[in-house]
Every structure is written in structure tokens, then in C-alpha cells.
Amino acid sequence: MNKLKGIIVPMVTPLDHDRQIDYPGAVRLVEHMIKGGVHAIFVLGTTGESQSLSIEDRKKFVGFVGNAISGRVPYLVCVTDTSIEDSCCLARKAKESGACAVVAAPPYYFSPSQNDIINWYRALADSSPLPLYLYNMPGNVKVSIAPATVKVLASHPNIYGIKDSSANMTYFQTVKYLTEDEEDFSLYVGPEELTGECVLMGADGGVNGGANMFPELYVKMYEAASQGDIRTVRWLQNCIMKISTSIYTVGDCPSSYLQGLKCALELMGICHGGLALPYVSIGDEGRERIRTALQSINPSEWE
Amino acid sequence: MNKLKGIIVPMVTPLDHDRQIDYPGAVRLVEHMIKGGVHAIFVLGTTGESQSLSIEDRKKFVGFVGNAISGRVPYLVCVTDTSIEDSCCLARKAKESGACAVVAAPPYYFSPSQNDIINWYRALADSSPLPLYLYNMPGNVKVSIAPATVKVLASHPNIYGIKDSSANMTYFQTVKYLTEDEEDFSLYVGPEELTGECVLMGADGGVNGGANMFPELYVKMYEAASQGDIRTVRWLQNCIMKISTSIYTVGDCPSSYLQGLKCALELMGICHGGLALPYVSIGDEGRERIRTALQSINPSEWE
Amino acid sequence: MNKLKGIIVPMVTPLDHDRQIDYPGAVRLVEHMIKGGVHAIFVLGTTGESQSLSIEDRKKFVGFVGNAISGRVPYLVCVTDTSIEDSCCLARKAKESGACAVVAAPPYYFSPSQNDIINWYRALADSSPLPLYLYNMPGNVKVSIAPATVKVLASHPNIYGIKDSSANMTYFQTVKYLTEDEEDFSLYVGPEELTGECVLMGADGGVNGGANMFPELYVKMYEAASQGDIRTVRWLQNCIMKISTSIYTVGDCPSSYLQGLKCALELMGICHGGLALPYVSIGDEGRERIRTALQSINPSEWE
Amino acid sequence: MNKLKGIIVPMVTPLDHDRQIDYPGAVRLVEHMIKGGVHAIFVLGTTGESQSLSIEDRKKFVGFVGNAISGRVPYLVCVTDTSIEDSCCLARKAKESGACAVVAAPPYYFSPSQNDIINWYRALADSSPLPLYLYNMPGNVKVSIAPATVKVLASHPNIYGIKDSSANMTYFQTVKYLTEDEEDFSLYVGPEELTGECVLMGADGGVNGGANMFPELYVKMYEAASQGDIRTVRWLQNCIMKISTSIYTVGDCPSSYLQGLKCALELMGICHGGLALPYVSIGDEGRERIRTALQSINPSEWE
């Protein structure tokens, strides 16, 4: 597999307001992102609310999106679960559905030691029919994959890289430094606020939720940063920060990011904006604030 | 449903060393606990490693144990999951399998607000064909069901009580005080080290893992405490602390409790002692320390 | 030193609304508590807002209260600080002022390892001219003194016991069990909601903030529990829970406990109710809610 | 005051192995840093172990270093304390000693709300005779100054900027974006692993502990990044990561960074390497590992 570089969109799972998957919306969203030039599509991550969907719905969605993409861009599937059997089952489904790789965070109910994390990933990488990327997500998993653990795992032949959503850049820089002998090991950053600086410093790309809404913006950021165009990076950074501080923080609760992103996608006419329990859609007042925020975001600033 | 009182055993899920469910061991364990006089059996809790089992294995185990118990003692099933659909599916399976109630901790991947927790439990209680008990487990779930939230939920007609595994007794006393107008609302304590004092203070019972090994001890503790026999409570407390400090802490890692408990059950000849990933069985040295600890525990002290 | 048993009041530091120490209020408070029968008075603990006072004010207050008590009840001084020199300096001042013992939590800026905690307490116990009690306060210190660490320290000739404010009763029971060979090692519980059950189970007393307001109530609780009078314990527990849930939670912020307690003392005419920065006194609406709560608390229920 | 830009060294407090301040070492260290071209010197920060020193020693050290610097570079003093009186007292001492500004983290014993943080900083900024910089240090303070709080405080006439040691770059980017209307508000990053990318993205400098040892390296990094020389930034980043991963992690305990840094300074002949309690100097084996690490670091790579 060639090293994957650029913007990998963590696709939302469109839901209607009865919490059923909005399949037509999913098709529109896939088309929107591909038209926007994204380098890959990634389903069932945190932004995809995977953990809130039943195993059956997850499998069905993996197949559906694989079909919608039909090989036009690389397709990745998150198989994070607390049961390694269910993770492996999702990995097989991903393979069948045309995915090129799977991604998994550590198990998140029992608190694992670093040794437990190593055992877990080795077992998963051994069983997975597809290349595996690590996913560091301490905000939800509540444990971090220690840099020394990443270094150990980077030598496994079926482990190809890491997506780091910690926002802790000392962590990211340490992982980058410790794995630089593994030439094929890729590093992606989760928070879209950090894609610019990470790519400037040598990372391979970003897994950025905002690219569901504005794929071109994040693609432009990746391109500017990979070309070392600092002036453009700083300009685009302000565009991204405007989105981050106006769309993702309205609800002032743990689901604000997802509420804002899904509400915006609905207001943009791309898909329904329902959330899966335990989260709920933003209220009417929040919706109007998102509407106002969207109106003040002007894609011509970056297009 | 009459109020359930006494020792509710959070049954381990016996696994062999290939991580397959040890069904004959499960039968022996059920018989051992019933013979020991326990007041109820509870499967798929934290001690039952539910989150580490596939949804399919969980359903199968619920049916199997229901059959093994055959109504001899009340049967409870934990339906904790991050997907409310999968929780409801387990609740239906529990009903089919003869359970009298289900138990659920809040969802544990996305961090829920207290409002999210209320929505979640209401949705689950509305759908569940069986009475529902709340399960406060901040150590694994990483969020606590606030006392004010418990008070709100206690008035739901299908919510019957709470199992609190926080070990935070200010929390427990506050919940007890705030729900005392709800006469049918029951309170159980998770950590076996606290059953004595909780029952002395008026709680309804304990959900104590050690009762997998020594059911009589915990039953005696419940009886002594419910009769206000402080002298006996203090004596039995020492027996329980001896187990707690010698069996559950050998591994010195997050899985020490489960490693110790399952190793002891294997050494006692009751069932295989395998653990599900991300955890692994205790090593040989630990096993010998558990063996020594078991030899120094003398059931005649409480029988 | 004879083992200290009973209710040790963590005395508030009365402040006026310019944040200056209210010395006349301190005298009235000392008299109120002694009249209420408390077994000891403890200054500069968390309830005493020690960390928010300058070193000079702390020393002055230690001397002043020692003088006000004049040996009528045992006097303890908290010397918690991040600088061991300043802790030792306070310990010498305590000795001069007639105190019988000092109390110290671990240092709370740098995160100490358990070995660091052992080194720290040994150095402090070696230098202190008075007996030293450990103080477990993970809520503010953010690290717990592990039970195995307590066991190591319990054998030091100048370490006499522990005050545990964790509210984690598994912790408390474990410490109690591990130190039971050290006959002279005392155990006190911080949260007043837990004094009843802890003393029933064999603890030596409670360090309970509510005893600033209603010393008789906590003294009665200690007496009932130490005599094994469960019926009275349960009755008094409800009185304590009423205070806990109505006085300490009004502000709904990290300072609610202190705001409520100090406002109540002011409304009772005992002392001014100012708080030291970073905290501020409760607002007018909160004050009225505390007033209403106080009116519904009827000391004749326990006197 | 002109905006301060570049490398501000958080100077260690040299201690001998009896934990007394090594004044001759402090002089040598000041000369070493000034010779290395640093843009400012900052005493009594976290790297300076301020909290572990007595108030008296802190004041004495502030005066001594001010004298040693004698105005050759800007001088900053950290006045972080849990007592605002003691903070103000240190600020006055800083003024007397020739400092140009003070720096303060929020109080760290009581958990403050964001409102409490605002009150605290306003009171401190109002009283301080010198400009005040905020210091975000959630690792030790355990609370973060929320970006919205920084925005509120940035408009205070005596608050000039923030040093962020969170390593959370989403936080840093958010603070940067929210304060960009305050032209004179400066942003410095704590972790030296992040100075390169932060300055590339527009930050004003770094407060980097490694500059005690190798001031030229960090100065070069600042210069390369402020000139947009990405190639050099990436090269120097590797030099910094080599130091970070070989000097600061030997002890594998909470004090590893300080142990490594101070041991290296001792091995380099600059000052004694003692640590203040609760921390202790690295052991002999660790010392040899630091010696080996130092030998493999070649300043000619960046000079």
C-alpha cells in the first residue's frame, strides 16, 4: 500500500430525527466530499458515532458507504470496540466492502495497561485482513497509547501508522521522533486546528471533521502546509479557527462538536442532522446560532 | 416485584485459556453459588467482563445461565452497552431467559452530560421489558450518575434501584437520603469491602464479586449487618479484607482484581480462569501467590 | 499521648468581607465548639482555607487560637504546604502555641510518586516537634497516599494516624486493615456523612466541618456509633444528610461547601462569613436559601 | 513595554545536595544563558521548583538573580502561590529586583471555577506593580484557564500575555485566535518540543527548560521559525527531540524531567544538581545514563 497522505475525512453517520440512518444523505455527503477533493474517507470513527450504533447498523453502513465510494478514493473503516471478536468482524466486513485499511482505538471500558494495549493491537493486527492504523483518543478512551508502546507496535508488519486525536503535540512530536526509523509508518492528526502545523512539521495528513462541511478548505490547508507555504497556512488557519470557535462550541456540553457539525450539514442541505443517543440534536436556539455562524463563513475566502 | 435484598453475585464469565466460554464451568459456578445461599445471580456485569465479549456470546451466555439457574434464585442481567439498540436487544434476551430485572451503567465512550444520562435511562427504561436498575461505575464509565440525576430517575415506574460501585460513600449516603421517599427504590453497594457498613446503615444488599468464591461469607455478612450484629460484622469484615488484600492485588495492574478472582476460582476447581482481552490471565508467579493466599483463608472462620 | 477519639472540628478561619481574619469571631467560634462538647479543635485544614492565607497570617492564627483554647481541649494544627521548610516552621509555631499534634497532606503542586510521599513524610516526621498525622485529601492534592504507603509510614515513631477525606471507603477499610497491627495508629474520617458508619466499623472519630455549626450533633453521632446504637446512628445520619444536602450545595460550584458553611456561621451570629480568594462569599440569593435551610434544621431533633 | 519575543529561559534553581540554594552555581548558570543569547530569564517557575522553596528563600533568590542579571536581559519572576498576599509580596520583591514582569498560574490547592480564576487574576493584576502574564499549567494546577477566560482577562490593562504549558495545541490555537484583537497580548509556549511549530504559526516565543543547558539551540529554533525556515526548523526539532527523549525520561517518575535537567547541568559543570523535596536527585544508574546521553548530543550540530 502506498503511504496515504492528505485529508482523510472522518465521515459523520447521517441520522434522521428518529435516529435511523439517513442513507440518501450519506450518498450526498460522499459525493460532496469527493467533489471537494478529499484524499480518503473514513467511517465509524468518533465523528461517525460508531459506539452509539448497533453492531448490525455498523456493518450495514460500512457496506453501504463502500458501495457509494466505489473505489474513487481510499476507504478506511474504524473497528474500535471493546470486544476483539466484534472488531475483527467489522474488519472482515470492511475488507468485503472495498476498504483499504482499518483503524482502531484501544478498548475503552476496562482500563488497559500498556502491556494490555500491546497484546490487544497485536491480536487485532494479526487477525485483520486489512492494514491497521492505531488511533490515540484519550478523551474518549481515557488512556493514551504511550509513545514507547507506539514504537513497539510500529514494527508489526500489519500496523501502518497512527491517528492521534489527543491534541497533545508533545505526544505527537515524541511519537514522530520515536518512529522515524519506520519509514512506512504514517502519522495523521485528528484535531483540524492542528493540521497546518503538523503537516508543516512533517506529518502525513489530517483526519478532520470539518471536511464533512468544507472539504476544499482542509485540502487547501494540507496542500499549503505540505508545500511549506506558511503565509497561506496562517490564512487558512484563521478560517479553520473561525469554524472551530463558532460551529463546534454552541451547545456548551460534551456533544457540542457533533451537534454543531451535524446541524451545519443539515442546514447546508447535505443530510439530516440527528444524533444517536446518548446525544441529542441541538435545540432551536442553538440551530439559529449555527445558521448565523454559517452565514458568516465565506468559502470564497479559501476557494 | 418484591424488593430484592441480600447478596447478588456478579458472576464471572468462565473462560478457558483460548478465551472461549467454559460452559461446564459456568454450571458448576452456578451450583456453587446457589448452594452457598446467595440471594440472586447477576451476569454480564464488570466482573462478568461483558464489554470484552461479543454481542453474540453475551446473548448466548444469558440464555445458558438462565437455564442453569432455572428460577431457583432471582436472575439479573447487565445490559450495559454504548448502543441503546444493543442494550435493548440484551434486555429482550434477558426476559426470554427468565431474568427478573436488568441493570445498566451509562454509556462509556462518549462522555454524557447529566441530561444525556437522564435521556438515556428514560429511553432504556421505556423500552425494557424488565425492571431496570441503574449502575454507577465511574471507575470504568468515567462519569458518575449525579445524586440529583438518580433522584429524577427514581420516579420512573420501571426504574427500581441503583447499584453503586463508586466506593464513594458520601455519594451513596447522598443518593440514599435523596431517594428515601421512593419506598420501592433499592440500593446495593458494589465493593464487597463496604457491604457491612452499607447494610448497617440501611442499604438493601451487596453485589460482591468475592461471593463467586465464598458465597457463605458474604451471605453471613449481609445477615449479621441486617440484624445489627456489629460484633459479627467486624469479624466478617476482617475475613473479607483478608481476601481483598491478598487475592485481588497480586498483579499490581488494572486487571488484578479479575486476575485474582478468576485464578482463585480455577484453583478451587470451579471453572477455568481465562480472561478476555484486553486482559490476560495472571502469570505463574502470581498464580503461586494466589495459591498461598487461598491456603491461608479458612472458611471455617465464618461457617 | 493517649489516642485521640471523637469529633475533631476542622475550624473555619473566620474572615470579614475584606478578607481579614475576624479574631473576635474566632473566639466566639472556639467557645461555641467547646460548649458543644467537641473532643478537639483543628485549625488550618482545608475547611480552614489554610492554603489561601499568607504564611504570616497562618502563624498568627495558630498562636491566637491556641491562646483562645488554652488547653481546654486538644489542639491540632494543619501544616500542609508545598515547602517542607514552611511546614516545619508552622509545626514549631504549633508546638509553641500549645498544640498536641500536627497534620499534613502531601505536597500538592508537583505530583509526587509514592516514594516521594514516603520521603516527604519521613523528613517532616523527623523534624516535627509534635506528633504527626497523615492527611489523605486526593480531591485537593490530586494524589492519594496509597494504603501500602500508609502501612510503611505507620511504623514511624512520630506518625500517629491518618485523617482520610477521600470519601472512598474501600480505601479507608484497606488502610484500617493494613495498619491494625499498629495499635496506636488512629483513623479519622473527614466527610461528616461517613462518621457514623466509620465509627460503627471501628474508626476513632471524625474530622467534620459541620461541627463548627452544630457541635452537639456530631458529638452525639460519635457517641451513638461508638456505643453501637444503630437506631440512633441512623436517626442522626438523617440530620447530618439534611445539613449536607441543604447547606453545602447551594452555590453549585467548587466552593459551595465553604460558602454554605461560612454563610451559616454568619447567619447564626458566630462569626463573619467572608472567604479567602480564589473563593468569594455566596451571593444574596444563595444567602437567603441558606437562611431558609437553617430555619428548617431543628437542633432539638438531636439535643 | 515592548512585546517580548524569543526564548525566555525558565531557570532552574540550583540546589546542592543538602537542598540549599547554590548561589555560585546560579551565577554561572546566568552567565551561561546570557552568553548563549537567550532573550529573557524567568525564575521560580515550575522548572525553578518555586513551590518547593520557602517564601523566604524565594524572595532571596529573586533578589540574587536580579543582581546577577543586572539588566543585561529582561527578567521575569513567577509569583504563583495559593495565597494572593504571598503572590503580591513576591511581585513587589520582583519589582525591587529589576524584573520587567511577573507570571502566575492559578491557585492550585482549591479547585477554582473559571469565575474564581477571573477574580483571582484581576485582583493580582490590580495589585501587581509589574505587568502580569498568565500561566496555563494544568498538569500541576489541575485546572486550565479556559480560552474564554483568557479572552476576558486579555483586556485587563496590566495583563500582557500567556505562557501555555498545557501541550494542548488546540487550546493554544484557540487562545491565539480569540485574543488576536488584543495586539499587545503575547503568547509563549512552554514545552520546548513545540516552540518550532508555535512560532511558525505566529506565537511570540518559547519558555523552554532545555535552554538552561543549550541556550543556542533554542535561540536558533526561535530564529529559524520566526523567519519561516522550515528546513532548519525540522532539523533543530530533531535535536530538541533527542534531548527530550534521552535526558528527560530516564527516571520514569513524575520528577524525571527535573532530575534529568538538573543532573545534566551538574555534569556540564554549571551548577549542583540537587532537587527540593518532594523530589530527590536521580540515582547513580540514572546519572550514568544521563552522562551517556549528553555525550551523544553534539552542539556542533546546531552551532
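Letters A, B, C and D mark the chains in the order given here, with residues in each chain numbered from 1 onward.
Throughout what follows, contacts are C-beta pairs under 8 Å (C-beta built on N, C-alpha and C of every residue); 3 or more make two chains touch, one makes a residue touch a chain.
The structure presented is a predicted model; accordingly, all values stated were derived computationally and were not measured.
Graph distance from chain A to chain D, where chains that touch are one step apart, equals 1. Ranking every chain by how far its Cα centroid lies from the centroid of chain B, the top place goes to D.
The two sequence copies chain C and chain D touch through a face in which the numbers common to both exceed half of the numbers used overall.
A separation of 36 Å divides the Cα centre of chain C from that of chain D. With each centre defined as the average position of its C-alpha atoms, the distance from chain B to chain D rounds to 49 Å.
Counting only residues that touch two or more partner chains, chain C has none. Chain contacts here close into one cycle, and each chain has exactly two touching partners. Of all possible chain pairs, the ones that touch are A-B, A-D, B-C, C-D.
Interface of chain C with chain B (complex): residues 167-171, 173-174, 176-178, 191, 193-194, 196-198, 200-202, 228, 230, 233-234, 237-238, 241-242, 244-245.
Chain contact summary for the complex, chain D toward chain C: residues 46, 49, 51-57, 82-86, 89, 106-113, 115-117, 119-120, 123, 139-142, 253-255, 276-280.
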